[in-house]
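Labels run A, B, C and D following the written order; every chain starts at residue 1.
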Amino acid sequence: MRKSQSSENFSNKIVLNKGKENFIEIEEIVRYSETDQMGVAHNKNYFEWFEIGRTEYCRQKNIPYKNIEAQGYYLVVVEAYCKYKKPLRYDEKFIIRIFLEKITPKKVVFAYELVTKEDKELIASGYTVHIVTNSKAQTRSLPPHIIDGLKAS
Amino acid sequence: MRKSQSSENFSNKIVLNKGKENFIEIEEIVRYSETDQMGVAHNKNYFEWFEIGRTEYCRQKNIPYKNIEAQGYYLVVVEAYCKYKKPLRYDEKFIIRIFLEKITPKKVVFAYELVTKEDKELIASGYTVHIVTNSKAQTRSLPPHIIDGLKAS
Amino acid sequence: MRKSQSSENFSNKIVLNKGKENFIEIEEIVRYSETDQMGVAHNKNYFEWFEIGRTEYCRQKNIPYKNIEAQGYYLVVVEAYCKYKKPLRYDEKFIIRIFLEKITPKKVVFAYELVTKEDKELIASGYTVHIVTNSKAQTRSLPPHIIDGLKAS
Amino acid sequence: MRKSQSSENFSNKIVLNKGKENFIEIEEIVRYSETDQMGVAHNKNYFEWFEIGRTEYCRQKNIPYKNIEAQGYYLVVVEAYCKYKKPLRYDEKFIIRIFLEKITPKKVVFAYELVTKEDKELIASGYTVHIVTNSKAQTRSLPPHIIDGLKAS
């Protein structure tokens, strides 16, 4: 077996500053198919919930992600991170909070918190980093109307 | 909308030291259902591949994860991270490398690299952090025979 | 290669009689991760939507499926069928209609229709057949209060 | 709530004739993420396994499905059915048998059996019906070289 070619380290020191006013909240519910044999929602589903969250963030800013893609801009995921604090069970309702953490023409960072519906206890938190490409995966820059629209309160 | 209650930041500075000899490799292939409308494997699947990887790591060390759970030890995912470098397409074969990055009685860290089958180009890399619990989600300590078995070359 | 041992044929002649009053409707939306490289929702997701549908059917009859399982009754899927008429695209809203097609102490059949939100055009239809078991997969009979509750208009 | 507009019934009387010599077998294993809280593989995964199966069927006939799509032919799923006989558990290896049940220029039917690795006991069986379209979802006819290739023993 060969030696690992990568000497990369994960000093992914993204320091999020989520204590801002500008975020949106949506409610979701755990599907039966999202549980695993441990009886809780499987870890991969959180990344699907993050994605649902940013879709709704864009929609609520009146720039549906569908339209962003239709204009030829793709927000390709280049990093994804989740920290799991409390398990989620079948049929449990929870809140997803979505924060636009950073937006430049070339890069967008969304942060997320999942909290319980009643007491707003933290279930999980995380972020996704996106670069902007065209449909052929070549990097390009987001136009101001999209940047400004997504930043608007 | 309320202010975020969390002031948490993600200074998840895990510095991986993957240049070690002790890792295993398995081959996987992209399923049609794992692609999305961008024509590439969806980001959540990588976390499923990481999981397949650590299952195989444990098996190759003669401690199938199934048996670890049967003995009452659960390696619960508390953090998961992935960095995406190159897209994967339908029916593409690739290699998953799994590294046991750290193991203590209370905590296990696996690191992963996905590389192309031919040129061993990096497709993605990441890690998962696990705590050890019993079937009731209470923390407990891994016994030496499991720790030693998983560390064995 | 060996000859197929099964001479089974699929004369699954379930003739559904869905023209009844007693059904419920819920709205769903296609997630990005549910699309595939053909640009439409992947065929397996329909079975997940059917499941979400029957969960909501039970809830609206005041017998959440979670409670049915908590009482020791499992509605195990023994058959699943879907007929696909019209594709669904990312971010498209649609309606799931759920019909309790048949219920006896030992067997439950749900039927489903997916229709477009605006014109109620048929997108897909199907059914699932369930047997009743305990938590050890042994068959048992549903009690009258669950049968009557699920049948109630 | 409105009356169901569909008077459709599911007399899907496909009588399969799987006792033929011409089928292929592949081995698969249940992923942790494919289990649900009942502790067994979730019903939707079987349709993913069927798909992996037909991908491998095409490959073994030297007509990778990827190439079929590259030539502008899409085998769109219009029906899918599965009958579940025995549960599958995490890390269990099993065999998928794939049968080309029927092929005409406009329509292809695959049948499937999942059997245990050791005793070849039936786990599940099912079929998928496909129509042939171009990339714009318009029906078209498969050329003879694809039909003959897929039929070849």
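What to note about this one:
We take it that a residue touches a chain if its C-beta (ideal position, glycine included) is under 8 Å from a C-beta of that chain, and two chains touch if they have at least 3 such contacts.
These figures come from a predicted structure and were not determined experimentally.
Counting the residue numbers used at the interface between chain A and chain B, over half appear in both copies, so the two copies meet with largely the same residues.
Put simply, the chain farthest from chain D by mean CA position is A. The mean-CA centres of chain A and chain B are about 20 angstrom from one another, to the nearest whole unit.
Averaged Cα coordinates give chain A a centre that lies 34 Å from the centre of chain D. Counting partner chains per residue, chain B shows two or more touched chains at residues 32-33, 38, 44, 48, 51, 90.
Residues of chain B touching chain D in their complex: 31-33, 48, 51-52, 55, 64-66, 90-91. Of all the residues in chain C, the ones that touch chain B in their complex are 32-33, 35-40, 42, 44, 90. Contacts from chain A toward chain B in the complex involve residues 1-21, 23-25, 38, 43-45, 47-48, 51, 74, 76-85, 87, 97, 99, 113, 115, 120, 122, 125-128, 137.
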